[in-house]
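To start, I am sharing the structure in question, which I have written as structure tokens.
Residue numbering begins at 1 within each chain, and the chains themselves are lettered A, B, C, D, E and F in the order written.
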Amino acid sequence: MKLWRFNGGLPSLAEHKNESTHLPIEIAPVPNHLVYPLRQHIGNAATALVKVGDYVLRGQKIADAQGLISAPIHAASSGTVSQIADHLIPHPSGFSAPSISIKTDGLDKELAPSSQPDFRQLSAADLVSLIREAGIVGLGGAAFPTAIKLDNQSKSRRIDTLILNGAECEPYISCDDRLLKERADKVIEGVNVLLHLLGAKRAILAIEDNVPSTFKAIQTAVDKNNNPVINAVQIPTIYPTGGEKQLVQTLTGKEVPSGGIPADIGIVSINVGTVYAVQQAVIEGKPLTSRIITVTGEGVTTPRNLEVRIGTPISTLIDVCNGYTQYAERLIMGGPMMGFALMNDEIPVVKASNCILVASKHEAVTEKQAMPCIRCGLCASACPVSLLPQQLYWFSRSEQLEKAEKINLLDCIECGCCDVVCPSHIPLVQHFRYAKSALKVQHHEKHLSNIARERFEAREDRLTKEKAERAEKSRIKKAALKEKSAKETIDAAINRAKAKKQNPTEGEG
Amino acid sequence: MSFLILIVLFAGLGIILGYAAIRFKVEGDPIVDQIDKLLPQTQCGQCSFPGCRPYAQAIASGEADINQCPPGGEAGIAALADLLGVEAKPLNADNGEETPKLVAVIDENTCIGCKLCIQACPVDAILGAPKQMHTVIAAECTGCELCLPPCPVECITMEPVVKTLALWTWEKPENATQKETS
Amino acid sequence: MSEYLLILVSTILVNNFVLVKFLGLCPFMGVSNKLETAMGMGLATTFVLTLASICSYLANQYLLAPLGLEFLRTITFIVVIAVVVQMTEAIVHKTSPLLYQVLGIYLPLITTNCAVLGVALLNIQEDHGFIESGLYGFGAAIGFSMVLVLFSTIRERITVSDVPAPFKGNAIALITAGLMSVAFMGFSGLVKF
Amino acid sequence: MHFLTSNAPFIAPQNSVQRMMFWVLIALLPGVITMIWQFGYGVLFNIIICLTTALTAEALMLRLRGRPILPFMSDLSAVVTALLLALALPTLAPWWIPFIGALIAIVIAKHLYGGLGYNPFNPAMVAFAVLMVSFPKSMTVWMLPHALQVDSVTFSDLISIIFQQQANPELIDAITAATPLDTMKTQLGLNQTIDEIRSASLFGSIAGTGWQWVSIAFLLGGCLLLAKKIISWHIPAGLLAGLFVISFIAYMSEPGLSPSPTFHLLSGGAMLGAFFIATDPVTAATTTKGRFIYGALIGVLTYIIRTWGGYPEGIAFAVILINMTVPLIDHYTQPRVYGHK
Amino acid sequence: MASNKKLILNAGLVLGLFSFIGIGLVSFTYALTQQQIAENERLFVLKNLRELVPENLHDNDLLADSLQLSDTSIFKNERTVTLYRAFKGEQLVAVIAQVTAPDGYNGSIKLLIAIQENGQLMGVRAVSHHETPGLGDAIDTNKSDWVFAFNGRSLSDPAPAYWRVKRDGGVFDQFTGATITPRAVVKTVLKTLQYYQKHEQTLSQTAAVSHE
Amino acid sequence: MNNYQQIFKNGLWDNNQAFVALLGLCPLLAVSNTVINGFALGLATTLTLILSNSVVSLVRRQVGSEIRLPVFVLIIASIVTIIELIMNAYFYELYLILGIFIPLIVTNCSIIGRAEAFASKNPFAESFIDGLAMGLGFTSALVILGAVREVLGSGTLFANAHLMFGEAAKGMTITVIGDYEGFLLAILPPGAFIGLGLLIALKNVIDKRLAKPATQTVNLSMAEKKA
């Protein structure tokens, strides 16, 4: 298959995948309690369906989607709801947010999986609602509700290509790799579901070329499945080839329009983990309650992949991996390029968590002495979206956010390539994240001030109108009065005239 | 005496100019709109003008300085300076100081439904009918505090806007080389 | 033909009005903070300078010289220029709001730009004919606009720089102009006049 | 357990400013050695004076501006600036020439703008241009290249020329000569043909005696920089192509009156300029397309100044002139961003 | 409308009034100073001329006895040459030519060149130039004695081939760092000498040229 | 501080036309290569400023907006031409040196600037003083810049003083550095720009120094009040 090359990227990024790939996926035990932040996907937070004290089963829906872009949440084990309150969430802000906590009873009682009819009999709409009900969101990164992505019925777009993202381009992370190695058949089954749902002409499953054994496993599964429209491809190992836009470009040579989505060019791209979740939901009737997470880094004793119940506190995962080593320095959720550091390990994993990296001092640099930008342009040649990070940086640093926006700040995918190659060690991505979020706030304020202006002007209009009305009313009243007085004056004049006739010497005043 | 010709010429030019001034007279001033766009539309009157637009007009006509709007703060002044091509200057302390954004909250138990605050609110952000308790539509309240003085029972308080996750901003990396020294 | 070309090269590069001849410096320093405004100013100046060159040539040739009033040159030129500028402004303001947006606000500034009077007087001093006068004014204005635009882009870059406090603003801008002037010395010798 | 937080990416950077500058210094070595071989220890004096002055000035300015001295000094950028300036100066210049030059480069051209990374003009070239404009007399004393030296110059002669400025004029006349470019320009001005001019011993087999080897050494160093990816090829390629094309056209149209392209490329500072000076990342254009344009403009302008202007060598002025246009070039050569039309 | 008309007329009136006052005052001053200025200009030229041809050598009014000639075969730039002649009685003593060296470093250099009737140079002065201060301005007598090197030279001393700066193989010093200026001056002086040689006849005839 | 002192301080320091308002740059930079040139042009400019400010202030009520600019430039141009004629008559050599920059005083931006910004809004006395103060401020800038450039560029001070003060002043010329090769840059155009830039920076430093003690005393008095 012909492949294309996107701009820049980092071919030489250290890998560190082996630490965690040689062990099979282990199923992590049920923790003492599970915590579910109500917002663990893009869109509106879910609304709790349970009260404190309620008993719930594994697979039971405990929070429901609110609005279109949202996803329900299901309990991952049986137990009682212990509180519904703010809890630390895995988020770079370090904020707490409303969450449901469940005290597990260790019995792990499960809601009987609803037996499913053959998916080929189901309409696309049925499948979409099934996937939505299963609480499936993108497990590859953004946690965007998958049902919406798949629901192309309502839209006029035709999907012809389904891309299965198994690239896993970030260092350290290997959950998709293990998943593909061990459960390739099920993933391919999921692909069939999606193909049926979307009516796409072909499916491409992309894997980086540095894991040939996995490719072999998947190739075998594809062959076995014997569906000619499914294709497994090896793509060059260049970070961030797993980024949706870069993957689309690599595989099809097309570009996702800025501000658009792949569906605009007839493509849907889905992470292989998500596909597995779809298979679980559609074929086996299980909602999304667990996912595979890589626990790795020099800070854990036994790095490996775990199948983890969503909601499990990180500390439990570390215990499964035989605890911290003396080198544990930093706790990172996600990979070393895109992840974020957490303050403590009582934070639960959520649907989007694909990796827990317990980094040692030399694995995670922190104290970089930033030098001034020397305009070497290395960042620009590394940027996979062909931005000019140095210019973005000058504008962000000096708070000229509109200018940064003008040179396409919002197209930055925050991949971190520029940051890593910068000889001046400038925290570029952090500048961009700041600028993007500040810009968002600015836009919001602008929006508010526009509303305020409209309302103010509307009110002014109303007031003047009211005033005018009042004036009009009083004018009418006065006019009535005036009419009266006019009549009076006329009468008076007549009288006077009459009087004059009688007495001509009397002049008028 | 040939220079008399020049004088006549100049007088002629004067007449032409006088004519041009009248013939090409222009009304309206788009700059006011541009200035108004940069003001925060809090409509609080702290600038000593009755609302943002009057202040914009005052700036355009040179009657007011650009540093009189506390809600706009330094950023607002910088934007105005940029638009008008003048030097930015610090906020005029006489007009107040830049404060974090607030919203009005009516203590619904104390509110007597007098409607006075509704009349005061420049953006119609307060809802209520006579003799019923009133509420503030938080999303539309600009935090101008104009509703505070009229309330006879002092049931309105100003509270800081809660920082939501959606409006959370990443911290800006501090640049070691940016520290200001002279 | 080539002498006209030489006038252009000379006024634009070798004897650049701003950096070598020291004319029109106030707008050069004042209206160079932003690229767009610099471009507007450049455009407006080009227009006025060319026009002023021609008008003053005509005034001198057909009014002052025949009347023997050369000693009133300065007065005549400046009044004619002021009137021309003000007329232009009024007309543009009325007829093309768009053009006014681009040029209008700079026009009044130009009367008091010594490049305008300078170009008129230099034309006389150098004995330029009609076409030469026009070209001289045009070239001078292009030279002015060019360095103004370049200067504004550099200044935009400087505003995001870490300039030591006492040098912020005008001081570093002047030093930059100085270095630009050094660079322009590289053109010296290109044209002998 | 409690952990420290910080922000992604967490991967250690593989590059540093210091590393880049270090490689520039290494790449300059062949050129430096060839120059010393060809023009004697005067080169070394220039280097030493420039270096000490520049480093002292750098430290002083950092101190005045309240910046940490060590991390900034160790970026080696001042060393590169000093070295490049030293290599551009005439070999027998009196000591205050490199001294003043280094001061101008570091204090005015660099630190008044905020130091490393902020200067819009190439510091070394600003200093060179200022010296050229201010002290044209002292800026022309180039030693004869090695092969042409008749009297051997003793070390003490050198010292007296450079530091005391009281060496007898005859000695100076005997051991100095105008550069090939300079000679070419003067002689052309006297209506001599290229062949007549080139028959002089000052002009070697390819370009200028001695000078050609220096150029080739710089070319080699430049290749090292390319290989190490310290510089991208666009600027040198643009510059050399610009200079080559325009001199080739001129050469073809009037061969007797225009020096050959090889002469232009190899006899002056073209190689040093193309690989080490125009490539100064701080003052060059930053977009890929822009860099080629930037280089080409310098090449063309160099030719124009050399041929029609008042100075025999145009690189320095061309560089700072084009430095001025860099923000504009960058502005108009933004790459197409992914997903945009 | 009436008020508009008034406004327009008023504008004209005010501007007219001010120009009347302004121009009146200026003209008045002009009338007062005119003579002095003319005198200044005359003296300025005279001062330069006298420096070259001392008063005791001639008895005519140098300024009055000037003529304009042009010879494009020698001076390629079409400008005419102004010549001031010094007579003692009917005898031509010297000619002072005001010529322009077009190829100075920064443009033209205006020179006064005094030639004795026998073709020997009496002196050369640069009256106006744009040469670089500190470099090319050594042609100024204020700055250096360089121009005095021409005194007493003639077309035969040295031979025309050696009318060059030393660097070009001639006999005249250049100033260090600036060869362009001296080249230009030397070249123009040589041309003027040749010019004089060619027109000597015409020049010595008083009558033919007395009124030109 | 009374009003006039304020105006003076404003003209000489706080709003110095050359250092702060950055107006009148062309003559400032072009003619400041020696002290004497600078001084002469400074005086001519000051005279013009005083006269133009006074006249404009007197007639400000009579001039409508549509012809304000032409009238102002007419006034200024007349004044300048008169000054030019007088210089031509009585300081001929200086007149030659200052060249085109004398008629250009007309467009010296600081003159029309003061006419617009001050004289057209203020009574006669204030305008007169303002013209004087601004002119002196401008002259001092010219002289200081001239001194710096002259010393650096040619190693002398007060060269050509006789053009201004007559033959007796010939001895005023001071040779600061003998046998000086001359830092040509200083007298060439770039030197003017850079010199002015450095002087402005110097002024900024001084201003900061001046401001510091001031705030300290304020703090002290605050403390006293508290105590």
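Things worth noting here:
Heads up, the rule we're going with is that a contact is a pair of C-beta atoms (placed from the backbone, for glycine too) under 8 Å apart; a residue touches a chain by one contact, two chains touch by 3 or more.
Every value quoted in this text rests on a predicted model; they were computed, and no experiment measured them.
Looking at the partners of chain A and chain E together, the chains they share are B, C, D.
Farthest from chain E, judged by the mean position of CA atoms in each chain, is A. Note: the chain lying farthest from chain F is A, by mean C-alpha position. Inter-chain spacing, taken between the CA centroids of chain A and chain F, is 63 Å. Here the spacing of chain B and chain C, counted between their Cα centres, is 38 Å. Our note on geometry: chain B versus chain E, Cα centroid distance of 67 Å, whole angstroms. With centres taken as mean Cα positions, chain C sits 55 Å from chain A. The set of chain A residues that touch two or more partner chains comprises 92, 369, 371-372, 397, 427, 430, 433.
Residues of chain B found to touch two or more other chains are 3, 6, 10, 13-14, 17-18, 20-21, 170, 173, 176-178, 181-182. Shown for chain D are the residues in touch with two or more other chains, namely 7, 65, 108, 114-115, 118, 130, 133, 136-138, 310. By the touch criterion stated above, chain E contacts chain D in their complex at residues 105, 135, 167-168, 176-180. Across the complex, chain E meets chain B through its residues 4, 7-16, 19-20, 23-24, 27. Touching chain C in their complex are the following residues of chain D: 64-65, 108-109, 111-115, 118, 120-121, 126, 129-130, 133, 304-305, 308-311, 314, 316-318, 320-321, 323-325, 327-328, 331.
On the chain E side of its complex with chain C, the touching residues are 19, 22-23, 26-27, 30, 102-108.
The touching residues of chain D, when paired with chain A in their complex, are 1-17, 19-20, 71-72, 75, 77, 114-118, 232, 281-284, 286-288, 291, 330, 334-340.
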